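Presented sequentially are two complexes of chain A, the first with chain B as partner and the second with chain C.
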Partner chain A sequence: MATVAVEVVYRGIYQKTLARNIVRSIVFAARKEGKIGTAFGRYGDSPERNGIPAKQFAIVADSPEELEENLAVYQAQEVDVTINVDDTMCKGIESWAWYGLEPINKLTKSGGTIIVTSRQQADALVEDIHQRSEPYNLAIVPATVSFSGLWVYKDDHTDARLLGALCKVCPQLVSLESMVAALREQGMNELKVVSAQKSYDRITQRPVEPGEGSTEIPFSFELPGWKKMEEGLVIRGIAQGGGFRGGELGYEPVRNETFKKWSTRSMRPVVNFETCIKCTLCWLQCPDTCFDVTPDGLYDANMESCCGCGVCDAVCPVPNCITMVNEAEFNDNNSQWEAWQKDPASYKQWMTTLTEKQNAGEERSHGFHHVGGYAEQIAKMGDS
Partner chain B sequence: MTSVQDLPQIRGVKNIPVEEFFTSGHRTCQGCESALVMRLMVKAAGQRTIVLGSTGCMYVANTTYYSTPWVVPWMHTQLGSAGSAATGTAAALSSMMRKGKMKQEPINVIAFCGDGGGVDMGLSAISAALQHEEYNLCIICYDNESYANTDIQVSGSSPWGANSTFSPPGKLHRIMNKRWKKNMAPMLATGHPDCKYVATTCASYGLDFTNKIRRALTIGGPTFVHCFDPCPKGWDYDPKYSHELGMLGVETGIWVMYEIANNELILNGASRAIAKGIRQRKPVEEYLTRQGRFAHMTKEDIEYFQSKVDDSWEKWWIPGLVPFGMKEDA
Partner chain C sequence: MTTTETKLFQTETEELISGSEAIAIACALADVDVITAYPIRPYDTVMQYVSKLKADGAFDCDFIVAESEHSQFEIVKHASAVGARTFCGSSGVGWFYAMEAITVTAGLRLPVVAMVGNRALDDPGAFGVEHNDALAVRDLGWMLAWVATAQEALDMALLAYRVAEDPRVFLPFAVSCDGSFLTHSQALVKVPDMKKVQRFLPPYNRGKMQLHPDNPITIAPQVNEDWLMEIRRQTNEAMLRAMEVIPEAYADFKRVFGRGDPSPFIEEYMMDDAEIVLVGMGTLAMPVRVAIRRMREQGKKVGFLRVKFFRPFATEEIKQALSHCKGIGVIDRDYSYGSPSFGGVLYNELRAALYPLESRPLILSFIAGLGGREVMVRDVNEVVDTVQRAVDTGVIEKENTWIAVRE
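Take a look at the complex of A and B:
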């Protein structure tokens, strides 16, 4: 072995502490075995924004010389293991510092492993992940995706469970014994140690063959180098919008072509156009200008710009007119209003199925609701 | 003084213009209230507007490497320079029009700053701008109560007791930010008696917000609008509550909504109802316990916070605005 690299792909701010706990524990565990390691966040992701995908890395080496080869880089060139702490990022990620969509498996070595926290089955996740020509493995830690905020950490053992799984899928990194010692050294309680051990025993891997997965070509942009920039570093403004889909009626803004933001989204609004009272509030209060005004005065959330904050749902005065649904349920960014116009009956059926499933399933939480809220959520989870 | 644009007050939320001049594709957090401030501000101002932005989230997150969500002309200026950039731009427009190098027309000049750029660093430049009666300009401070862009450091506008990178609660010292929030808008209003318009608002109240921007742009001379912006990143809450927390800030009496137009004070919305005794202030506990930045507070801390807010309503000369009164027989 020369070096082993692990990346943690996480949602900015919400999972920053979780990611830090993981990469730090890897380095502490490596020290137990006489190895040397470093943990760092990618420079370009700081300052982080809520929900926008970011990365932290842990690199472990046998000697300082080998470690040094991997230091002072923007990010690792390739990693042995990719840990993805929110399954909706299997569709690809757009960090706030770069342009275009990157597949989740971009840095994963041939034969390496992606560990995902998810309630979905492996086949469903493989469908979302972009196909590639080298094989890799997919391992799932069955868990409710863990979200908290900058100041209060939701300690639902996701960190310990991922670390246990990591020791199993990448035995050349560190042993479970060293990891357990590292968890204890950091003052984590014995219940977390048990969680790590259980996860080690239970984790399974599903091989993903070359060519398997989503055939979508990730969107990309060509950005001008400094020689092509205009005098005074002028950037051309966005053109003024006009009627909906180029028509006379309604309104549709022109949008920034080079940043789409939808990979920030882990939920999306599903709209019941039949009960909408056209109060304007979803459109008015949207910080991302994502609602197009349709010719009939309704509001169609544009899925290339919606980042899933849920403000539209919160301000809507009509019960169940807007429902935030888990992003994992969707395979495209198509217009809901167009689907409804085309066939209202089948739209209604699609919408009802989705919203009922969402309401029956477990709550997908986006952080702090009230003092004591995390403890209530953890109590509901039980032993998974 | 050049003339101002015809921007009538908007009657009813359904009459807010549909045209967008700050569009999708910016790198702000989910549920960013400050991005909404940018959007509604320029929506109210319209197409013939120049926006100047000092360093902060609304600069860094909006215009990363050769990309922009702005439809109107926008320029970055340094952290403490919202006031000087606004004055300089308004002066340049006036001079170019006088010399015939530009068509004579009223162009809105808006400079924005965060609380770090405005309440802390840019205070003197804003003060200078508000003395230049000959220029029409509006300075808007989007106040998310910390240096949010650089990962939440304390500013002069951060509330007492809030957790931040500079004030992490510890076991021995629980309350690390011991300063009470600076009383920014009244300081500018009383300090610049010739300034025709100073207002406070919150984008949770879309109509109040857009109309105040319009009044600030049409009343003539330099004006200031201070806006209360819930920040899901720094305040630590689920972003879907951005709108609700803005309203709770007003309903608990922590943030007071008013406008001072031509030296007359008018309280607005819930603040007006509270002052007139039509509705009760909600307990601050309802606001504080919903945010992770206050999660370490004890009952006593919340009581102290409540007593300070009570004082501002019950003991101040002008509730929520002027913290002193006349000494008897003075």
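Take a look at the complex of A and C:
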């Protein structure tokens, strides 16, 4: 079989332990079959930053020599399986190193598989994923995206279910039996073993044909050579902004063209422009200067620079004026204010549908911000 | 930033001053804007003289006594970034305590000029000279020069500002002065007049790299592996350009002040027909020259090559100067435990530099004068005898010898 490589794409802090558990279990399971493997995180990532897309890898080979062959290229060039533990990253990811936007399927081999945890349907996810010329398969583990904190781990079986699914979609990696043995050996309880087995039985793959998917060209930029770079570690300041979108009125800051942060976002603010009292707090407190001031003195969040931190929602004094909504609900980064201007009635309807769904739906946690938060969420989850 | 008209330095004078005082006077002549200080022997003599010069109205500067060497070097780093001409210095473990700030100063391409009063590193606590303190920055992008006399200390400090602040270079510069022998010994020094200095040394202009509200920039970012190599390459190129800027500035120095050696990088003493050449840095030159003169009287063809610039290292010039001799004795006032042949730092650099020569002279390492122990004429004789034996027999019995150490 030579070598099999798996990457786990995860969000910094919230999913760091989850990703680590998955790649380690893969290597332990492979060991059961006399194979050898390694598990590591991409060093250029910064997994200790909230929500930043990051990667862990598991590489499994028949012999140490084959493994070394593969590790000679530290950053894997292609993988058999991509595991994406947050469906919002189907839109592409930018690591902390800001190399530009990477499609989620960038490393997935031709004919390989992407496993995603999601409540969405396959077609909806394919819409988000960048199209490419080689086919691949999409498999969904139906689940609410598992987020926790840096020091707490939400043991909601996401790891076991993904590992079970992995054995099915990539049988050349390890058998389910070996995986189950590895899970037991790590002290996972029998309920988790059952979760892995059920996931193995139920997982299905949806082939994605060449050319299917998002037609967006992923944002990229060229790294300058040393002769072109400024000396003395100097980075030029960005010029002051001007009127809103080229006009005379309002204000729009100039933004760094090579520094976009939106793939860090797993939720985005949705603004009710009709109840906004123009208090300026969201604009003032946003750590990423993502609000543009409209000619009528409202605040329109620029979705290229919003990293979804939720500070605007937290500081807004008007109830439900700003609501953080699951990023999976959106297919573009368009201006909300422009949509509202164009057709206030449809905007209101769109907004109401989204916010009601959000408020009624399962909690999409940004980690746990106070002692006891984990216990509260577990209580809400009930038996599953 | 501030230029004061003073009554001092209107004409050239001759003063009886120490190396430290010479450096302090160079600061006044260069009209340095920001000077930071923190006491440690033997460097502290400079801060004493600088503060006296300021109090006497010889020049105006912000003189800041920091709460540690680390802060001392941080302050000048920042001052240099906003366009101030700066000076500071330290010795021994004080220099090491500031090492983080010292490192980033070179990384940020800031032309800070520092004086290192060479002192043995603790432990044991000792005041005497060893070169290991200053040598710690040899790989970091600092220019590093050793001087042998108070006159040279003054001249080198002026040259340091000229070279460091050249926009083609923008690298920090450390002037190393042997503790005691130079920092605490007074000699007659020609102090040039201010007008000449101004002709030689233009104001520091950081241009587009200057931190200023009118020039909105940020410096010192965090980067990943996709940027760092290019940044290191830029610093390497700056050091390469320094190899050209130094001779250019030195030629100007000689034109304006009317003194100086043929080469800015090295001093050659009785080298023309020398079969055995001693190599060393700093005040070692004095006993070595005396010993050589005596040996010459006996017909021995011995010469001396004093390395003034350790960084940048004048590889080609040194190769050229040593290519015709038969044996070389490198006297290191430093140690490098566990290094190749357990030789001194200069020895190993030199041996590497000479490697490409078609016919390589024999080269031997001598460790001498550590902790301020005096290197005597008889010690130099021992070095020459050892090299002579190797040349005569064609065999190096021992690559490394400690001189005048009690067995």
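The rule is short, and it goes like this: the second predicted complex is superposed on the first by the 362 of 384 C-alpha atoms of A that agree within 3 Å, B and C clash if a C-alpha of one lies under 4 Å from a C-alpha of the other, contacts with A are read in each partner's own complex, and residues count from 1 in each chain.
Keep in mind that, in the parts below, a contact is a pair of C-beta atoms (placed from the backbone, for glycine too) under 8 Å apart; a residue touches a chain by one contact, two chains touch by 3 or more.
This is a predicted model, so every value here is computed, not measured.
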item	value
Joint occupancy of chain A by chain B and chain C, clash or fit	clash
First (chain B), second (chain C), both or neither touched by A:P287	first
First (chain B), second (chain C), both or neither touched by A:A97	both
Partner chain in contact with A:L223 - chain B first, chain C second, else both or neither	both
Partner chain in contact with A:E231 - chain B first, chain C second, else both or neither	second
Which of chain B and chain C A:E48 touches, first, second, both or neither	first
Residue contacts with chain A in the superposition, chain B compared against chain C	B
First (chain B), second (chain C), both or neither touched by A:R206	neither
Contact residues common to both interfaces of chain A (with chain B and with chain C)	96-97, 99, 223-224, 229, 235, 237
Chain C-facing residues of chain A, complex	44, 96-97, 99, 223-226, 229-237
Chain B to chain A touching residues, read off their complex	13-14, 16, 18-33, 35-36, 39-40, 47, 60-61, 63-74, 149-152, 163, 203-204, 206, 232-234, 236-244, 289-293, 295
In the complex with chain A, residue positions of chain C that touch it	107-110, 170, 208-209, 216-221, 224-227, 230-231, 233-234, 237-238
Of all residues in chain A, those that touch chain B in their complex	12-13, 46-52, 96-97, 99, 149-152, 223-224, 229, 235, 237-241, 251, 253-261, 264, 279-281, 284-290, 293, 302, 304-305, 307-311, 313-315, 324, 365-371
